[in-house]
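After this come two complexes, each holding chain A, first together with chain B and then together with chain C.
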Partner chain A sequence: MPKLQIDAEVNGRKISREADPHARLLDFLRDELNLTGTKEGCGAGECGTCSVFVDGKLVKSCLMPVAKVSGSRIETIEGLAKPGDLTPVQRAFHKTGASQCGYCIPGMVMAATSALRENPQADIEEIKERLGGNICRCTGYTKIFEAVEIAKAVIAGDMPETALEEDSVEDSYIGANVRRIDAPSKVSGRLKYAADMKMPDMLQMQVLRSPHAHARIVSIDTSAAEAMDGVACVITADDVPGKDGFGVFVHDQPIMARGKVRHVGEAVAAVAAEDLVTARRALAMIRVEYEELPGLYDPADALKPGAPVIHDYAPDNLVKHIPVRKGDTQKGFAEADLILEDDFGTQQVEHAYLEPEAGIAYVDPDDVVVVISPSQNITHHRHMLAEIIAKPINKVRFIMSPVGGGFGGKEDMIYQGMLALCAMKTHRPVQLNFTREESLIASAKRHPSRVHYKMGLKWSGQITAIEFDMLSDGGAYGMSSEGVMRKAAILSCGPYEVENLSVDTRGVYTNNTPSGAFRTFGGMQAQFATESMMDMAAEALDMDPFEIRRINMMKIGSSTHTQQTLETASLDRVLEAAEIASRWEKGAPRVRGAERGDLNGPDTRKPCTLGARIKNAAKDDAKTTERVA
Partner chain B sequence: MLTCDNYHLPTNLPEALAIWSNAKTGSRLVSGATDILPWAREGRAGDVHLPELIDVTRIAELNGYSFENGRVRLGANTVYQDFLTDQTLMRSLPCMPFCAIWFADDQIREQASVTGNLVNASPVADGTPAVVALNGEIELTRLHDGSVVSRQVPVVDFIEGPGKTQIAGDEIATAVILDTANGYGGSFQKVGQRRSLVISVACSAALVKADRDGRVFEDVRLALGGVGPRPIRMSEAESVLRGERISHALIERAAQTAADTVGSRSRKEYRREVVVNFVRAALEDALANQPEVQVDFADAKEKTHA
Partner chain C sequence: MARMKRGRGMAASWYGIARTATIDRAGAWAELDDGGTGKVVTGVTEIGEGILTVLAQVAADEMGIKPQDVTIGDNDTARSPEAAHAGATRQTYMIGNSVALASREARNVLFEQIADHWDVEIEQLRAFDGEIWAEETNLRMSMEDAVATCKARGVVPVGSASFTAHGTGLDPVDGSGSPWQAYVFGTQVAEVEVDTWTGEVQVLGIWAAHDVGRAINPRGVEGQIEGGVVQGLGQALMEEYITDKGHAITHGFAKYILPTSLDIPQINCVIVEDPDPKSPLKAKGIGEPALVPTAPAIMNAIYDAIGVRMKTLPATPEKILKALRDHVPGREQIAQSARQERAGAARH
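Right, the complex of A and B next:
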């Protein structure tokens, strides 16, 4: 491969480097120039974390072959301000708390900078439009837009510089706007996430993943891959020296598929090589022979007699069943004036944190196996890995790198074990950076759930009994399913006092992508069913939805579903605050006509429309042109 | 991951045509590269190795635009962002700014060229209906006996199906030639799963010229994308409208003719419903966008659509 010669100006400095002909500007900035403030969130132009200026125009560096920038002027997040300084946009992001996990933030700061350079008078609609190419999963964008508006006002001189400083805190930090201490490192792009870290002599790892949902592995032939120049090692389940198996509750998942694969995307083998291209080419040389097995794709099928068995230890395919019983539901339903029954379903959801999984492992001079990764559960990972690699706990170390968004999705040790094995086999540092596609296919998802709900009520609105039966798709491995089922059961019937209840939550194995932890940990799926039932009950009883909730809400002294007596309770205040803030129009759902009076009031987020800059330009035009009516 | 043996950046057309005609089999032309890079990834083409990539964006002859006989010739290096920043293009091609604002995002519009979008021939390309509404032709250039020769093909014929066009193996698409439509109102409609960075489920473009009094459709151009393998020019609906008194009832009648143009096999019923609403909205938006004309509907409603 003849190399390209790239001469360019980067952040005011002339550079001259060689590059591979296929390299993207993103690779060049990160690998050749160590400008790792420019992130790779998707590699497909969707997320905006790699945004940089080329000749003054904002582009996505993952979509730009590096050859295109020869002779150009490039500006990255590192070049916006002088070292030790921050621009008004960066300071505004710090001020408003716009940076949370921080992974989208360099790209977001670049897009905000571009928006204000292109139109220093851009209104909020135009700002939103100009930030449309950048995704954030933490903030809901509100604080980001707030930051851009403050920066705009300061730059225009409409607000004093002091507007960028921290608000003073009076008596209490509670309720005060306190700046995050890690924000400057994020808005400047200086914070190093796992994929940004480099070690001398470091190998790149790539993972071969299963194309089948359920199949027996007949054979794996890694010889051709191992024979390739530049390949340092190939690993399979056979390389695991200790007792294989990890999981948040049940250790049912091997480091790599052992004997059979249980979902599409499961790791089967991994290669560590001198560079990424060699590692990927070596993967293509590994031959795996599979014998496909009948699969399970619907959780209801998993419980049927004679269903295929996914894990030998669980012949009934049950991960966990959590039953909760309180009072006497038969009696409660007998006392009811009205019984409502319905079914609710929720879907699989991906966390889509902007930072794809990444990590580095190495063996230190004292034979300590060290793993650096954005793990949300390092202590547990450390204990599990020690058993898997048959080392005492003091010879295993986990370092938690900054987490570029987790939301529960980085609790599972789905790649750290493979990194450790490669480091042990080569005694060289090894890095693995997931692609976005790999993150989607291999990481846990929110449990898809189905709830059958039966609720008995008096005409007064009081709940007399609930039967709540949830079936959740746990996917191929247990991961956090047990805890999720437990939380779903505990929270099942909501913050309402129910004298008679019968709750069952079941998580089952299927050959779908494993389900795991995700914000609310099962609470969302349960509350969707319960709160929908409350609204439907309000409609059936001709009551105000707030009213029916007040009648049933837990108070001080109430007994919870698991029969704990509450010493404090705040639902009354929560309901009142929600009612006021939403400018709630009182009354039963059916009293309103086609239009509600309480929608779209102040503080309601308006939908983003497109074309703000065209409309604004036309408005400016109209000011200067006389219209012929 | 996309890899290649060679990446060329020719700076003039004869050089580019020579490299292209001598390129090894499997080599590709690259314009903005915003489609080829995501294409070579897991779930689409996977890892792809190509012998040569020939980048056209430094070819001087492909820069800029020029006007001739009521038409504008957009060099192949014209990118979508140009329709949002160049006042002359915005005035001359009134549907293009609205098409551009729905196309990808600000960053990608700086790189993605109209010509590249057409040559990719995606049935859901945002640019296609807008170009078809402007009676677009694509200019294809090759070397013949050592000299540079060009031909022009109407875009509506050029795109034959998903990824299939009339371009020959040794040709480079060098320009798109469009009608200028100064004084027309333009609009663009699109449905997708979100606003920025989304591939259309269906899209449409409209150009409308009402008379000075805003009472009669003097000219109407309508085109649809995403509803079949090829771009669709809605000639029937256009002839229903052309020369007629402007009214909501007439627009409705024209809109209904759109349903039968849907040839897509997937989500057909949804697309049939969408295109009817599209055509109605496209015409109303384009009428509202026409400069210096106050439209007078024969059956004006109390409260017309904004």
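Right, the complex of A and C next:
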């Protein structure tokens, strides 16, 4: 295909380059100009990590064909300040701790800069509105809002420049708000994540994924793909030289599907080629013949007799059952004045880190297989990969690249093995960058859960017994299910001393997207049920929700659900702190919202109302007209 | 009936620090380097939580230098000691403590040489912010000179350490065991407004009180709480990965809805410090625990506002509207009969 000629001004310099006609502005900036501060988070204009200015207007560069920018003036994160310098917005982000993983931050800084350029007097509501197209998964946005407000005040001269400097330290650095040492590299877009790295002679890898949830692989024919110009290698499970299998607890997942596929999106084969387009074309040339098998999509069905078996080693589809028993629940329920029984459910949740999975592998001159990726567990990955590729452990090296958000979702070794195999087969560096869609279907999620709960209480509010039964969908592979079930069981009945309890947590295999580690590791699913029950019990007993918790709370010397004696316990203090801070008005939770006196305080935000956007826009127009006039 | 209804709810929580029901360990190397700078090497890196800054603060405080003068070499299985994984709310607790101990050892090597050089007792030496001095004397010099002095005497001030957390496994029958040596507790209050016409819930305020042991970097702790609260809010109200016979329906951010700037409540953080007696730093952790109480606090607040209890997450507008439509006052009846029964019991 003929190339396009692109003449434009980028960060104040004239450039003249050829570009592929299918390229987006994002590809052009990253691949042709090495301006990798502009990130790809979703490729669909939803997340804002690729925000840049074109002729002064904030645009999402993943939605703009490069052909449209010829003759335009483009400004990226790298062009906001001189090298080594930072703008007031960037310095304010540094000051407040507005960057965490940093992957959304270049786009967020562009959006914040745009907001203050468009309206230097923007109030906080307008600032929030103007940042609305940019997703951040780490910070909870609060420190970002603070940063933009400080930057606004400094730019307007309402605050001195010193407001952007670090707070002074007294006699210790412990307990001091030292600014994040990695923030300048993040707010300036200089930090290189795995997808931003390039090595000489590097191949691009793409993965063929299963279209079926449960199917036997009858045959795979890779010959046509292998014969293509520009294809360096094609790999399948047959290329694994050692003992195939990985997982955080049980090694039940092959590097690529072996004999059968167990979920939609499972890797079946991979291609390494001279460029991305060739690798994608080659995938289409691989012929896989499947024989579909009956699938399991509901965790309750997985435990039924005669259910399809997903892993031969687990004929009952059970990944893990954790029982916890303490005291005598029969006796406890007999002593109860009130027994409550109910069911609770939580959904499958995506980590949605802004950095999709990415990595590079190469074989170094000493025959060490090196994998660079945002892995949350390089120690364990090294152990597993050494077994899989049959190498001594010191011939496998994992380097953890900056992680653009993990939350547990980057603990599973779902692609590093494939990268290593391609590097070993070609002796060239190989890179794989997931698309957002690929990340969504191939990576683990938070376990969806169902809890059946029975709680007995005395009129005094004291809990006499709890029965807690949780069923979780582990999906197609074990990943972290065992540990998640264990943590859910240990924490199940909440921070309360319960004399008699019976807890069961079960994780089962299905043909759904696998569940794995996710911030709280089962803790939130279990405690959502417990804290809902506590509120219902407080209502039934006409008791303030803080009070019923104080009656049952763990203290120093309490015996936990697993019969550990606590040497420290701070629940009394955090209850008091939250009660005071929130100006909590005492009373039972009996739908008294309408009559509460503690609502709508200065420590809440105003609700957003429909139409505010339009009103604000009208206000902007008026202001713009004023400025022009 | 008023269209907009407000309410408040609360929830408490607890969590264990570091790996569960097993022994946990982390290693680190440290060196007081030329120019009075510091070098720390450990096997795990930043996933966004701010651990590199925490480690720089810890190393600086132990070595008597400035955090910006600490270089951290990290994240490489072939070049750094094992620090295991970045998860389980273990980074500050495990790696923070191993870096503290390694840095302390490097400083002690330097202190031995300087005490001998100045002819003072080692106990008299103090170092902070790039300077070293001997108490009850006029002896004082920069850490740059101190390192040069130490090296001129033929000694490179290095240290290494391993930190252990002693968790035990669970009994396979009754689950008994001591899974963690440190626990944290938290409590959150949520204030919501429910639009009874559209079913939309807005969270207007969160008050989050969390025990972290000791806050190494309070602003960083707040950042973890705010991020955890907003992930909890997302799970409470909007996020749901949906599959149909194993096929994802929510295959992009147009379908998988995440909290954005207009969804964010005012988050009021209260940091509670109950020092951990088994940790040299006294710190525990906050990464995961911050998320635990958010969703139940929001559901309890929704109940306070509109009298329907959302028992399955997420509480989407559709589910709220359906719950309002299908609402039968069952829960209130249980509460009422419990009250009557209790009053009866009190009379007898």
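We take it that the second predicted complex is superposed on the first by the 594 of 629 C-alpha atoms of A that agree within 3 Å, B and C clash if a C-alpha of one lies under 4 Å from a C-alpha of the other, contacts with A are read in each partner's own complex, and residues count from 1 in each chain.
As a working rule, a residue touches a chain if its C-beta (ideal position, glycine included) is under 8 Å from a C-beta of that chain, and two chains touch if they have at least 3 such contacts.
The model shown is predicted, which means the values in this text are computed figures rather than measured ones.
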First (chain B), second (chain C), both or neither touched by A:22: first
First (chain B), second (chain C), both or neither touched by A:408: second
First, second, both or neither for A:181, with chain B first and chain C second: second
Chain B versus chain C as contact partner of A:277, first or second or both or neither: first
Which of chain B and chain C A:520 touches, first, second, both or neither: second
Per-residue touch tally on chain A - higher for chain B or for chain C: C
First (chain B), second (chain C), both or neither touched by A:462: neither
Partner chain(s) touched by A:437 [first = chain B, second = chain C, both, neither]: both
First (chain B), second (chain C), both or neither touched by A:132: both
Touched partner set for A:481, first chain B, second chain C, both or neither: neither
Where chain A meets both chain C and chain B, residue numbers: 44, 46, 129, 132-133, 437, 441, 608
Contact set on chain A toward chain B in their complex: 1-2, 4, 20-22, 24, 43-46, 48, 51, 57-60, 62-65, 67-68, 70, 111, 114, 129-130, 132-133, 276-277, 280-281, 284, 435, 437-438, 441, 608-611, 613-614, 617, 627-629
Chain B residues touching chain A - in the complex, by the definition given at the top: 1-7, 9, 30, 32-34, 37-38, 41-43, 47, 53, 55, 57, 81, 84, 90, 97-98, 101-102, 104-108, 110-111, 195-197, 292-294
